[in-house]
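There are structures below to look over.
Paired with chain B in one complex and with chain C in the other, chain A is shared by the two complexes that follow.
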Partner chain A sequence: MQTLTEQDRGNIGRAAAPVLSVKNLQVHYTAESGDVTAVDGVSFDIGAGEVFGLAGESGCGKSTIANAVMRLLQTPAKITGGSIELNGRNLLDLGEEELRRTRWRDVAMVFQSAMNSLNPVMTIGDQIVDVFTTHERMPKKAARERAAELLKLVDISPDRLKSYPHQLSGGMRQRAVIAIALALKPSLLIMDEPTTALDVVVQQEIMHQIKELQQQLGFSILFITHDISLMVELSHRMAVMYAGKLVEVAPSKDMLENPLHPYTHALMGAFPPLTGPRVELTGIPDAPPNMAHPPTGCRFHPRCPLAIDACRTIEPLLLPGAENHDAACLLVPEYVVPSERSSR
Partner chain B sequence: MVFLLRRLGFYVIAFWACITLNFFLPRLMPGDPVSRMFSQVQSQMRPDQVDALRRLFGLDDRPLWEQYFTYIGKIFRGDMGISLSRFPAPVSEVIGSQIGWTLLLGGTSLAIAVVLGNFLGVLAAWRRGKFLDSVFPPLLIFVGSFPYFWLAMAALYLFGITLGWLPLNHAFSTGLSASFSLKYIGDVAAHLILPALTIVLVSIGGWMLGMRNTMIATTAEDYITMARAKGLRPARIMFQYAARNAMLPSVTSFGMSLGFVVGGALLTETVFAYPGIGYQLLTSVQALDYPLTQGIFLTITAAVLAANFLVDIIYVRLDPRVRVS
Partner chain C sequence: MSPAHSTSSRPETGTGPLVQVRNLSKDYHLGSFPFRSTVRAVNDVSFDINHGEIVALVGESGSGKSTIARILARLEQPTGGQLIIDGQDIFATERRRASMKYRSKVQMVFQDPFGSLNPAHRIEHFLTRPLQLHGQNDSPKAIKLKLRELMATVGLGEQMLDRYPHQLSGGQRQRVAIARALAVEPEIILADEPTSMLDVSVRIGILNLMRKLRDERGVSMLYITHDLASARYIADTTLVMRAGDLVEGGESIELMAAPHHPYTQLLLSAVPDARRTQTVRPPKRDAAERNAGRGTGERVALSESHWALKVPESAA
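Moving on to the complex of A and B:
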């Protein structure tokens, strides 16, 4: 795994216009027991060629964000506010047909379960080919050749084109899905826990491959996982999400070395480090909040070891806590720099 | 291929079991057809006549196993014995004269009900909660839950008598003889409409509902979400990704129904005086015509087995996962 220089980190995501810009995104689920706010005012940018990680416990809303960006949310989920700009175009304004054309061409997605994201009655080849025939009106034969190239890109032999999903191993299936995702060279790839269903060895292989492909092709990645160590390894910048809100955003290295938010602290303590000495793992007490009735003030306060009285009533905003490092916690003093950040 | 051979082996064994049952069941019953005929005629039958009849029906005093092999040999030559009620017509001839009409009526109505029902089911599930989905299933189930004979007679009264659009009974007009002329085919088609329509009406709801339900489960699968994310056209997702997977259980039920087509549609045949196996079976049972009853049962069994084998073949083509197991 290649490590980035400090300069790289500084450049990434800062230069030029962002590929993806999510602003104040609100997603609600309508339930009989009342509305649930799954994503509450989330904003983040992903720069060209940047790998942006989104971490958090199950149910915190990270997959909802992924599906919102793909506009795949179906009732009872509904995007109720904010904007999602992809290469300067607000995806929320697109009509059905425009949306269909944009999907996969500009933004592709690798789903959580490789086993189930391929159609069991179609060959791998046909499932790649239909991307080309639909989006590029490519003749079948040419599309098949492109499909063979794509499979080679992820180290699958081209004669697997005629295989059905059940004839491939879990790792191969997930690589095939990645190949399909890269078919049209999208500028953004969303990966929603791409390796959760795989064993650790295969997981490492795939992560390595994703990293290589990313450097080779230069697409941006929105990488979603609850596995912090995996995320730190892969992503340039990352955000930690709790109960529908971002609680901390920072370059991965800074986040790892100097987490500001108590929740991030706790998350880091809950995962074994891949290298270095053994450390005692600590869990986070209690369960994530019921999103139908989220806690007042800071949503993490009932589980927070450092909570003060003010946490119960005052909702903390996501503010700079250090250089390039935002956190939403009352205990983190605001970091003020005289640059563009001071305008916030 | 191995899978199909294994299935074929299974069906051969099943068929053998049927023939064997068919052979032994009547022989376990008291009496025999000849004594029955003897009592029916209620008149003098000379002992040599009785003997001749016994030989004709394959009833003799040979050991059971010998009779059994003779019976199996005869079955494979298509010789199912002599009908009692239609004496001296052979059973195969009696069945042969009716089965064409049964296949025509049953095949047509099944094909229409399956194709149309499944298509409606696919559309309803795809636009879940919209017009088609909220109106059609209850309506069709409502129509389907009428007693069939009532529905058939109502249709007959409305279209046949009151409006006079369609013929009242039989498979073709009296006076016409079978030929490949347009007139004859048109006449047969006109006679087919009402019986087939009523069968379609009562059976289509089940097909639609079955397909709708599997289809709804299928549309929740991850590969459908991925297909949508891929930016495929909705029609392609609906048919190639969703319906293509949802149709698998439907194919199984189709196979079952296909086999039972051969059994005929008793009520339809009765209401519309349409020729067919169903009515034939009823009369043969009433007349205690064992050879004919047995022959019809055997034909139905063979048809069910053959239809199931056909479905196995189709299934292997449709679902690649079956090929390995």
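Moving on to the complex of A and C:
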């Protein structure tokens, strides 16, 4: 039996603590026309082995959150408030050198159109070996062996170590990128629209593989997509984001069966179903707001079919609307846990 | 080969189908001597599009669906086969010069609304040009009137005419592209993945607009997509394509409720479905691929409005 590594020991003590804890995160972009608040007071936790989904339209701030967790934001973006704790350490306090060591070892990311993020003039093998030699100072030969194992993990034959990215199909490249992300066994994997550029059949293969790897290795996932069906299939819990704020957080199945926020409702209604009668869908009218001048009150009110006068002035808070189910909408009555009802 | 499937005939203009594609093939030659190789992008494809019908052509990247659109738009010359529109064999009788007349019947809407509108021009320009080129020497006043009507049809305000493409959202730009196609009053619009680059919330709006144009103006559409759910949503008929072959076709709802060909089944099972209760292991892709389109090319009629390519005995 191997002795426990430092990380293993840490994990045991933290069984119940979240892997990632984002609290009141604020991200601003400085623009000529004034400051834009891209992420406004977002808080959420991701537990060990949990798959957490983040859904919303383009420009709502979901990729900004991913980049903030990786500490990849560059000017004009700036994290102006809140904290991002990964395994109990606030990533916002880390210096460059500590960050360099944390990235990839503790948190890795599969980027949007990741299949194009491989270096075209390096073989797949060299790119994986790089991870081990850089982060683990592993001798080349051992690194090669590990690289072969990693490729096997994602169902790619180790012969492919000598292949260049262009010699692989899109799906294989995407799997290779996932393998590279998992090379150092991070406790959190961030995936930003990992399959948008792929065909449905390939997408399904990749999603299935991610699920299997997640169960096998037990890492947590922050999964970002605009495809709610795909998200519900993969994630345990999910949040819906609108104009820089979380508007609903719930276990995925609950969210699907009983969406509380009108925006979630609309977003789910934007996908035609594959079964049942053909009914006319309405989608969501108009476009998301200009973030330089977000609407007052509830940011969704100009597009909301249920908006009342109060929505124009009062900003709704993210409060429980049902058990384990938070929503930020004035029309959702606050839910009180039965045991606490009497004390109120 | 038996004539392509026919859906319920619509008693609108003309009697026969608007578009008849017969045994269409397209080969691409790659490389140069002595390493030449040929890729068959479209293999012996036949189908009809009736007046006022929306036909969806679905398949994965590289299945040849866009090649078919490009041939129909006369941007490509087919290697073999016929394209008959309104009873006229296009490639046999029409000269390249006749393309103006052709374009007034057949218009395209492309995938990328960011690339298909010249950033240096105002929206007004995109809609005025086709009216001037194809119209009947309308007076500036008449053109103005038509512009206003076009914008209203696609659900855009008149004030947008003075804007530049970069001032519009993706959905608005795609609406402009559709208005431009409509300007010449075409009989059919070829829409190649018109929604795939748009945000989820605006996709439905574009699909609804396409259906409205069909319902109100009787414009036929060839809707090319890899999104089966959207094909089911707007198309009367869906055709499934794989590696150059049409493997199955039929009334959209019927076809997706009872897919017959292994490839159609594979495609449908891959669509994410939040309401699926258990994890589905992806079917073996190889088997479905082996079975696809490598038979005799014979079609089996499953019902009056649904057929599939015969699957080789050994594979089934």
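In this text, the second predicted complex is superposed on the first by the 310 of 344 C-alpha atoms of A that agree within 3 Å, B and C clash if a C-alpha of one lies under 4 Å from a C-alpha of the other, contacts with A are read in each partner's own complex, and residues count from 1 in each chain.
Operating definition for what follows: contacts are C-beta pairs under 8 Å (C-beta built on N, C-alpha and C of every residue); 3 or more make two chains touch, one makes a residue touch a chain.
It should be emphasised that the depicted structure is a prediction, and the values quoted were computed from it without experimental measurement.
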Just to be sure I read the superposition right, which of the two partners does A:140 touch: chain B = first, chain C = second, or both, or neither? neither
Is A:102 touching the first partner chain B, the second partner chain C, both, or neither of them? first
With the two structures laid over each other on chain A, which partner does A:113 touch: chain B (first), chain C (second), both, or neither? first
Output check: A:232 vs chain B and chain C. Expected answer is one of first, second, both, neither. What do you get? second
The answer to whether chain B or chain C touches more of chain A is C
Check the residue A:152 against both partner chains and state whether it touches chain B (first), chain C (second), both, or neither. neither
Regarding the shared-chain residue A:284, is it in contact with chain B (first), chain C (second), both, or neither? second
Which superposed partner A:164 touches (first chain B, second chain C, both, neither): first
When the two structures are overlaid on chain A, which partner does A:89 contact: first (chain B), second (chain C), both, or neither? neither
Note which residues of chain A are touching chain B in the complex, please. 70, 72, 99-105, 108-109, 111-113, 116-122, 130-131, 134-135, 164, 166-167, 177, 180
Chain A residues within the chain C interface of the complex: 57-58, 199-205, 207-208, 211, 226-233, 252, 256, 266-267, 270-275, 278, 280-284, 287-288
Parts of chain B lying in touch with chain A, wherever the complex brings them together: 221-223, 225-233, 236, 240-241, 244-245, 318-321, 324
What residues on chain C touch chain A, complex-wise? 60-61, 169, 171, 199-205, 207-208, 226, 228-230, 232-233, 253, 256-257, 266-276, 279, 281-282, 285
